[in-house]
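Structure in structure tokens, see below.
To keep things simple, chains are lettered A, B and C as they appear, and every chain counts its residues starting from 1.
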Amino acid sequence: MKLSQVLTQGLWKENPVLRMTLGMCPVLGVSTSGSDAFGMGVATLSVLVASNLVVSLVKDFIPAQVRIPAYILVIATLVTAVDMSMAAWFFELHKTLGLFIPLIVVNCIILGRAEGFAAKNSVFSSIIDGLGMGVGFTLAITTLGCCRELLGNGSIFGLSLVGADFKPMLLMVLPPGAFLMLGFLAAGMRRVDMTLEARSRAAAEVRRKRALDLATGGAPLPVPPGFE
Amino acid sequence: MVSINRLVFALVVVAMASAVLLAELNGITAPKIKASQTAYKLKAVKKVLPPYDNQPAADRRVIPVTGGGPAEAKVEVDDELGKEGVVVYPAYHEGKLVGEAYSVVSHQGFSGDIEILLGVSPEGRVTGVEIITHAETPGLGAKIVSETSWKGKAEFVGRTLSDSLTVKKDGGEIDAIAGATISPRAVCGAVKAGLEAYNQALKGKLPATPPAAPTTTAAAQGAHS
Amino acid sequence: MADEQTPTPAPEPPPEGASTPPVVEGSAAPAPPAKAESAETAPAERSATAKPAGDAADKPAKKAKPEKKKKKKGLPEKELVLVGSSSPHVVSDETIPRIMYAVCIALAPAILVGIYCFGLQAVKVLLLTAAACIATEAGLQRLMGRKITVIDGSALVTGLLLAMTLPPSAPWWICTIGGMLAIGVGKQLFGGLAHNPFNPALISRVILLISWPVELTTWMKPGQGFANLGVDVVTAATPLGLMKEELIQKGSIHVVSQFHLMDGLFGLNQLGSLGETSVIALLVGGIFLFYRGYITWHIPVGYVTAVGAVAALFWGIDPSRFAPPAYHLMTGGLFLGAIYMATDMVTCPVTNRGMLIFGIGCGILTYFIRTFGSYPEGVSFAIVIINGAVPLIERWVRPRTYGHNLSAAS
């Protein structure tokens, strides 16, 4: 696979949140505001890149039978490191995200990429993969957070965008709002895909027609036997 | 088939590497985390106390209090001082005690406890209220955290136990939040309980003048400066 | 995850080579009709599994049900469509519009009481909500390229029911958003009429209540004149709201003693949602629906009895903290919910036993939410929650197929 593909597949085609629906716990839990969601995304991104890096480094040293405990150990170490660093340098964000930071350990994306990609690929492409998947995760959760914050609080990243007359839709910053908004986002993404697909199909059809016309001079194609 | 020794060896190496890394990192971050925690607490302490020229965190005292009831002064264990009780942060201005701040917990929140930091002057007047932790509904009960969304929070200042400390809906003078009566009511209860605890147990327990040689830790000082 | 799969492109449009297309086209052409047919059969299959033929023949009371279910598929008379569905096949002249407009007639008494009590404010809420529902239904069906079926009256019924659960002085935007949510989120998102697992009007009300608690719990007093549209209306708390307030604050209740049974029965002097105040008016409409065979007694009776029984139990334990059964029965949206919401054909079980369990479940839950929950009224939450349990109830009470023993059937 080309490196550019490795980088971009996590952004859209295999987006961990909206396509693979992995790691739903933090996605639904801390996406009440854009900044919280972004913080969570970046924390996950750093763990993901680091764990992909470490796992691809040690993959030849770890026997296949103990690879899962070893990977989990690596991931847990990295998450604890991120947890402690955030507590030290981003105390307020750490306080808001609370329990969700240690829970990155059990985020399926991390182990999924370690097992599914880093354990089989070179160090460099593993980092790229972690980066792509992590950025995809961050983008998705931040978008979700912004949408929920806008509807549920009338602001984005804490910046109030609406007048005093705006009545925020509280449901959106409560748990059911997370599920609803996630569904709408995934559906919207699918819609965009369908439109693109239909457009490229139409373009292909035009090309095919043109090629046919060129080849047959406009005469209808002979029907193969069995298709009358 | 890989021998069992090889498996154990691999896991032990990974575990040891993890342990070493985390121990190193802990050494680096632990003082910083401590400092951040103190700074976080101090930020609230500063808000609820009148202007001071001492170091409330360094001068803090632990005073044993018997709590109980729907709201109570928060009893905690202070590791550094090695005592259990209400942690009181005093404020001194030009050698005189002007106020003290301590945590009060209300168990009457809409969802979970609400912890407030209450600032009280020596004559028993509220000098400020800050919400430390809460789990109220975002956009509704959670409005108690700031003055802009809940005017009532600032309305406590200057009140004593003999003043009205209930929300308007209950016949008091404190502003309520439309749609969320329980959260402001819980804060009112906490302020009341805090003042009662002050009159009963805390009043006069602090030295009237700042301690001459403050026994401070480097972390607390660093955070305050 | 499975990384090897990623390089293979996802199903792409047909290749551009000129040799394959005829085959692709030939295989693609029959696909849409097949899809349409399977979609049509789905509801019929559902009702068939829940109600095998042998059993339906045994109990005459059940006959009404399959007729309705069949008609719910909304097949227009003059269109030739082949439908594969399993038995029982019952011919009936019931249609969706007929049922829906009958429900509208049944709602009329309660709506009239609402308008009498709350004046033009109530008219505004009714019109806006119904219009929003109908417009959303038409708009979404058009957007999705489906047949526009607003004429069948189901959107109108949803709109009226939603309006009846709203405070009479609800602002215009609550009514419009409510209507959009009811049809958009509650109904069309699941696939339209007969596909929604939850009652659309109640889903909308629950979302509104959670999202805008202030607007949804501001109740105007009745009898403030008819032309009260631009006027600042006087508001107060509902009986259930008062009770909750007192219980939290004082730990005991006194409002109960000031409550007049007649207020609850006729609803002319009672605070509450637009259409829930008059028990008599709601009962009149309910009897009409029962007489026409659109509802059976199981859900309403089970519901109301359960609330009464649980209330009596708790009242017996401690009358100072728990309200007497009459108070619970005569206040809030109990009768509106029990007669018109819980009995929604789409979202309630199909067997009599199932409906009884459904009603009792709603009743118990309603009482517990009212008494121990954080909201004063629990009817809408209770019905929506039990709606979610309907598939389980159906599984539980699935009738035995004739000739099969019980253990084999279950």
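The working rule: contacts are C-beta pairs under 8 Å (C-beta built on N, C-alpha and C of every residue); 3 or more make two chains touch, one makes a residue touch a chain.
These numbers come from a predicted model, not from an experiment.
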Most extensive contact between chains (C-beta pair count): A-B
Label of the chain whose CA centroid is most distant from the centroid of chain B: C
Chain A and chain B: spacing of chain centres that average the CA atoms, whole Å: 38
Chain B-chain C separation of Cα centroids, rounded to whole Å: 48
Inter-chain centre distance, chain A versus chain C - centres from mean C-alpha coordinates, in Å: 37
Overlap residues in chain B, where contacts from two or more other chains coincide: 140
Multi-chain contact residues (two or more partners), chain C: 213
Residue list for chain A, restricted to those that touch at least two other chains: 168, 170, 174
Complex contact set, residues of chain A against chain C: 1, 5, 9, 13-14, 20, 112, 115-117, 120-121, 167-172, 174, 176, 180, 197, 200-201, 204, 207-208, 211-212, 215, 221, 223-224, 227
List of chain B residues in touch with chain A within their complex: 2, 6-7, 10-11, 13-15, 17-18, 21-22, 25-26, 28-29, 32-33, 36-37, 39-40, 137-140
Touch list for chain B against partner chain C, complex: 110, 140, 170, 178-182
Residue ranges of chain A in contact with chain B within the complex: 32, 58, 61-66, 69-70, 73-74, 76-77, 80-81, 84-85, 87-89, 91-92, 95, 152-153, 168, 170, 173-174
Chain A contact footprint on chain C (complex, rising order): 1-3, 6-7, 10, 13-14, 16, 18, 21-23, 26, 173, 185, 207, 210-213, 215
